[in-house]
Amino acid sequence: MSEQFDFITLGETMVRLSPPGFQRIAQTQSFDFQIGGAESNTAINLAWLGFKTAWLSRMPDNALGRKVVSLIASHGVDTRGVRFVPGERVGVYFIELATPPRPNRVIYDRAGSAASRMATADVDFDRIAQARWLHMTGITPALSESCRAMTADVFRFARARGLTISFDVNYRSLLWSAQEAGCALEPLMSLCHYVFVAHRDAVALFGAPEAPRQAAEVLRRRFGCGVLVMTLGEAGAIAQTESQQIEVSQSFKVSQVVDRIGAGDAFDAGFMAAQRWGLSLEASLHYGNAMSALKLTIPGDLALFSKDDVDQLVGGATRASVR
Amino acid sequence: MSEQFDFITLGETMVRLSPPGFQRIAQTQSFDFQIGGAESNTAINLAWLGFKTAWLSRMPDNALGRKVVSLIASHGVDTRGVRFVPGERVGVYFIELATPPRPNRVIYDRAGSAASRMATADVDFDRIAQARWLHMTGITPALSESCRAMTADVFRFARARGLTISFDVNYRSLLWSAQEAGCALEPLMSLCHYVFVAHRDAVALFGAPEAPRQAAEVLRRRFGCGVLVMTLGEAGAIAQTESQQIEVSQSFKVSQVVDRIGAGDAFDAGFMAAQRWGLSLEASLHYGNAMSALKLTIPGDLALFSKDDVDQLVGGATRASVR
Amino acid sequence: MSEQFDFITLGETMVRLSPPGFQRIAQTQSFDFQIGGAESNTAINLAWLGFKTAWLSRMPDNALGRKVVSLIASHGVDTRGVRFVPGERVGVYFIELATPPRPNRVIYDRAGSAASRMATADVDFDRIAQARWLHMTGITPALSESCRAMTADVFRFARARGLTISFDVNYRSLLWSAQEAGCALEPLMSLCHYVFVAHRDAVALFGAPEAPRQAAEVLRRRFGCGVLVMTLGEAGAIAQTESQQIEVSQSFKVSQVVDRIGAGDAFDAGFMAAQRWGLSLEASLHYGNAMSALKLTIPGDLALFSKDDVDQLVGGATRASVR
Amino acid sequence: MSEQFDFITLGETMVRLSPPGFQRIAQTQSFDFQIGGAESNTAINLAWLGFKTAWLSRMPDNALGRKVVSLIASHGVDTRGVRFVPGERVGVYFIELATPPRPNRVIYDRAGSAASRMATADVDFDRIAQARWLHMTGITPALSESCRAMTADVFRFARARGLTISFDVNYRSLLWSAQEAGCALEPLMSLCHYVFVAHRDAVALFGAPEAPRQAAEVLRRRFGCGVLVMTLGEAGAIAQTESQQIEVSQSFKVSQVVDRIGAGDAFDAGFMAAQRWGLSLEASLHYGNAMSALKLTIPGDLALFSKDDVDQLVGGATRASVR
Amino acid sequence: MSEQFDFITLGETMVRLSPPGFQRIAQTQSFDFQIGGAESNTAINLAWLGFKTAWLSRMPDNALGRKVVSLIASHGVDTRGVRFVPGERVGVYFIELATPPRPNRVIYDRAGSAASRMATADVDFDRIAQARWLHMTGITPALSESCRAMTADVFRFARARGLTISFDVNYRSLLWSAQEAGCALEPLMSLCHYVFVAHRDAVALFGAPEAPRQAAEVLRRRFGCGVLVMTLGEAGAIAQTESQQIEVSQSFKVSQVVDRIGAGDAFDAGFMAAQRWGLSLEASLHYGNAMSALKLTIPGDLALFSKDDVDQLVGGATRASVR
Amino acid sequence: MSEQFDFITLGETMVRLSPPGFQRIAQTQSFDFQIGGAESNTAINLAWLGFKTAWLSRMPDNALGRKVVSLIASHGVDTRGVRFVPGERVGVYFIELATPPRPNRVIYDRAGSAASRMATADVDFDRIAQARWLHMTGITPALSESCRAMTADVFRFARARGLTISFDVNYRSLLWSAQEAGCALEPLMSLCHYVFVAHRDAVALFGAPEAPRQAAEVLRRRFGCGVLVMTLGEAGAIAQTESQQIEVSQSFKVSQVVDRIGAGDAFDAGFMAAQRWGLSLEASLHYGNAMSALKLTIPGDLALFSKDDVDQLVGGATRASVR
């Protein structure tokens, strides 16, 4: 009877400011504006892939907060569940985009943001009830005590309503310690149908073995989640279920990285979409890889690619047409 | 024996981010970067006019804090007295530059900045002791309790060391109420050789009469300061001493305002410079007006004009050479 | 029971490409991208003023058509009634923005656009039925025969469903002759509660008297519409009803025009909003003037101003704060 | 007695609009302006290499049409034979420049352009008579029936006047089917001294063998043209005459492609120039490869390189001077 | 029999570099590139007005010199008479574009430029012989001794061949003193059919009376030239012949100056064009004024306006269409 | 007692103007502004690494000269010893930044610059006396006779005062011949503690053997300098002392070069810093390589990296974090 969302996500979205043209902050006279938040990125990526998606958050009721939300909405994501509050601030991060061997450098200025003060009372549970799949990441419980409690409440509610639940561990060392993160996140894992975790985070937070394939198996069993997806950077990814383990390598080479940010969220979206389309785990890993590779070729956090774009890549249809 | 500064100022400097081309924040994809702080603006303006100046503050030890300070230093201002602290944030303000009848709109994001946590212990009193003239504004005591106490301590020290002291009331309604400001600032006034105050602030904070000339006279007597300079916006300015009152109108017309911010700081610098050069009060008001008008023709908070530039304008040497 | 829109509009929206920095087309190496369409402009302006609005059209299903629609949606306008068609083109116009005495120059490249091929069968009548007020302009019936027939059908339907109907004559001499336009539009006028017409168009299309006040009276009687709003450029505007005539002058001076396009649509939105808020005709003309003036200060066709922004201007609250 | 052109070309040139910085169309707020047309590209490239060249076309007499032609003329190409017509449109294409694995995406908006309506009556045959070498491509006959007839007429005239004739098959699947193209183009081939064809087009249009070397031999014999140059993308190119076959690989590696468009036209120009200088087929292939590689390192469709630039590369003189 | 030019001009053209957005040089991170030279400006302006024009100079044979010349050629000016020399430099000027009361500031870096070393032997007299009207300015003889001698030779040749000769005094105080200029230029005046001189230069160089009308009369008689056109800045201009004096005021108001440079050259072109069209002196002054006003509304030194553009303005057809 | 500088350098700094986005000069409408000078680059690089540095030169007292110096000062380099002179010019170079196989192209316009007229009388010997280490390059003696004499005088003075002396041969073929350079520079070598020389320059100027290791040994012995550092481009570098030879390869791979200029100066700074920190020759070569690699990833001549940035790279801490 009511509207159905294929996916709903919840989290903080920040203003992202970066010097143009690979400049250092010390050099620039202007900053390119983008928006960035793991959960809204994923919601937008899934909207581009053809799904009905919604995103929930708590944002300041000023020109910046409104701008962030209207940009998310412009990609077709339902943002009517966002709670606007007066007199607060939006989180900001300044990032130097770099090419190897220079690393990206970030100055986070997110303390005390409106989103970090989100609590259970801010959540639009009606919208969650309208969705089939909930996706969250480990950034949200890291923001504050109230966010941690809220995450647990949202998980409980989603589980009770029968939603598919996915979670990306997404460890941020500036927000909390690996130990703190490991302790806080582990109890949530058993509620998840899908857990995404980078291998290095698996080792740091949960003491997983150094050998990736072993780590995936051990960790899935320990978490008791449905599918554990372990990403291995440029080496590819592993999908681990109770009964099988599938590993694929990253087959899409990117010679010239335009912007590295958001590749993980693009991977998640590609994998989740493929699962929702009913594809195999192996195919889903390929869609994750393809989305991740495509993301690297455009500026910003977002993977603005349609199903056709990704199908074409996964189908091997893209032959470089240099001449 | 030690180095002498003609002027020293102390206060907060923020990162200023503004959409290019008179866009609203809702429209922009990038922000122009500038720096802005009443006290550093004045120090820079005076350095351009040929003086040795220094600026004191407390700034975060990250790429943004370092960038702000190195930009100030690039104009020849001595910044070696700035205290850098790790793990804090720089204040930011987002401003929509507008042309009438649209007003400039500002989103301040300055709460908890490193500068707002400045206290007496952060002040490089040795540098103050090397200067002849101290300039501060009413923004600094508005930032926090510790800043208020520090302002008083700096004034006491400067007075004791025999520095000339100037103060611009510079009321910011977003930081404190008019009443709070009036109460906090009035005790400082008697220590000042020069007080700059906009007429509308004189009325709002100190209940001065609506008639500007009367307001100037009443307020100077009440404050007991040496010279009270009352600015009247586009109408000009008044200089009031114990014995005389001088009013000049703004004779430099600006048909096309490029950027309105910083015109008040430019006025202060022009007036202070002229006083330091030994000019009359009337001439000093003209230099204030000229600097203020010139400022409006360039982007940013700063009035990057040499003594020659201003002399030429005050001397009436600039005839529009359209063809 | 179903969702209600305060306003719904219907028409063509084009890609607008203009050289930056007042360049001529002959000079530029890039074009700024904006969107422009009288009806979507008005819908967006009204959304910014706080209303629920929707916009209907027919657009090509490619990256440009999708971009235009998602930009409109990003301002909160409901665009789900837009019909996307494959294999067609979006209308484009190249415009040289100029300052007097140089006029703006336009190259229209809109022939055969997807929107110009719109017909009654493309209209989402369900959405119209959900709205309280329909707004259209004289551009739509000028696009093609099928658009002309569709306009009449939409008017009939809206009238039957009891919607308030407003219409801006918006004569475009490149699309049809004054005579053709006069003949085609006059039959629609009697169905309108509000007709907006520039005085020069009133003279050219309908042979109205040269004296504006007389023209307004004569024309409203002849049309039999509720209110006729006659705009007089910088001289102001007249609202004419059966029983009264109200004239206001343009009291908001714009010294520096950033972008002239869209001022008429901004006027309409301001006037319509004020009527919807229950204000008097005189107050509504002032809101029209205020929106129009504000529009001139930002780039693009759109008047991105909230009710607060406009209230502040109409309330005389904006005093230039040069210093 | 009259002026002599080394080369003359004839075809459509379009306005090319592309988002800067590898953005997708969905992201951009501006479009970079370039011009693009296989035949004018080649004429410009040859002018840079030191030849007297001319270009013929039919263009709208408006600011865009004039801009396109004056840009071509600015490179020294004679454009006085272009026919300007009022009231028509210039073709436009919007292109997303991408890096692998993302493919370039194009939205063509060229239907009904002034150039596509070109017919034999529009051709300045006097100028053709002044030239020694005519170059055309398979795009022109694909534009319309009148263009197809005109192409045949121009070939007949050039052959009768004794000009060298070269032709690049340049198949565009959006304009016609491979079968249609094959049928239309084959009769022209026997009139050509040089035919350029990509191996994949040779297979698709003319059913050539999959083995490149065999394809080149078979096709040249079938066409009966003087030299058939078959390009193999990054693998190099083959020159096939009645008596010999020469294959060279692409020896100039481009690590970072700035803009892929126009590399084929650059190849043609390099090859044609070398032939005109009297160099061997092998050397000519190397010049084609060098021009093609250089083109990839600058933005736009054009290969703006002098004979010295290319000589230096072909002579192996360019050693990366990183430090 | 040979090609005829309506106008030919001869002089230096420099690279013009200016900070964007009214920045001072101290602020900018980039410079906008334009070309500027009084004589090529006038040739280009006249080409836009529909005339066949040519320009002669001496330029370095490097990428900058070639760029300058190809930009001039792109406007349809014949540049085949330019002499390219290896190993020399192009003149450069850095200019801060300002709005009143701030004056434009220029740093000239033109000493030793290729053009300043021009001598009689560099001149393409064949091309001059093909023209009907020669235009030069007082900048050329100011560049060097050889340029001074060359100017006299060119005048003699043009006079002998029966060309119309016009000359704009165009005094540049950075190149020579008023006295030096007066002495050098006066002998040339009697050869001229038209002399353009700003009133302030008339006073400074030739001791003309302060009263403009008197100055015009006195000076024309003294020079013995055909028509003396005295420009009065925003006040208008006077045309003085042996028998009549015509004064017109500048009737085209420019509220917002985009770029002041080149307005004088635009005036000259407008006046010369009108004379060539056979219009009266009064009408010619109006065309001069119109071109000058239009120039102020676009960036760069050039007045890129067609006869239609100017006719429309002179005909009063441009009514500001704000809404 | 007086202030101590860790390093002092002396030389010319030019304005560097480059087309953005890998454009050729023929294409661009603007130039990015940077500063470039081997000695100021090194001083700035060392300041970023944490050292107290000073730079000496002779510069024009205009907006460009002041801008260059204030930019150098903004990085913390002491520039108070720079001598400003009126009425002269700053050197300029226009550079096309390219990616392989296209080479960077430079147009130098440096003849007669203020710096090239520097002589012993312009040198602030007091500041040199305050420093511990003097660094110069082979560009300075190449500028003029007076610069050559000055270089020798500065070396003598530094040697007498006991400063460490380093010298980078930095051969510029446009300024002098290899033979001239070899003869002029060789006598200076024996005064140096460190000589940096590219292997190809060692061969060209000093007839060193083609085998790098042999060349390093032969040359150091012949020069009699302390350490000879021979750079081998992407192959690495060799440090040669009387008793040992150390070779390291370039272990930091740069896949995407943003700007090649300044990599040599970055190498020198990295090596010199490491020596000053007391590290081994091998470690110093690694720091040179790291600084050089980092430099390639940012625009401009400067290596704006802190000790932490470089330590992290040398320590292998930078793992590409693509996802």
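Letters A, B, C, D, E and F name the chains as they come in the text, with residue numbers starting at 1 for each one.
One rule holds in what follows: a residue touches a chain if its C-beta (ideal position, glycine included) is under 8 Å from a C-beta of that chain, and two chains touch if they have at least 3 such contacts.
What you are looking at is a predicted structure, and each value in this text was computed from that prediction instead of being measured.
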The chain pair with the larger count of contacting C-beta pairs, comparing B-C against B-F, is B-C
Among A-B, D-F or B-F, the pair whose interface repeats that of A-F, with over half of its contact pairs matching by residue number, is D-F
Chain-centre distance (mean CA atoms) for subunit A and subunit D, in whole Å, is 45
Cα centre of subunit A to Cα centre of subunit C, whole Å, reads 41
Subunit E touches at least 2 other chains through residues 20, 24, 26, 29, 70, 255-256
Listed in rising order, subunit E residues that touch subunit F in their complex are 17, 20, 24-26, 28-33, 62-64, 66-67, 70, 89, 92, 94, 96, 105, 107, 109, 111-112
Touching subunit A in the complex, subunit C uses residues 70-71, 73-76
Per the touch rule, the subunit F residues reaching subunit A in their complex are 20, 252-256, 258, 293-294, 297-300, 304, 309, 312-313, 318, 320-323
Residue positions on subunit B within touch of subunit C in the complex are 21-24, 26-27, 98-104, 198, 231, 233-234, 255-257, 260, 263-264, 267, 292, 296
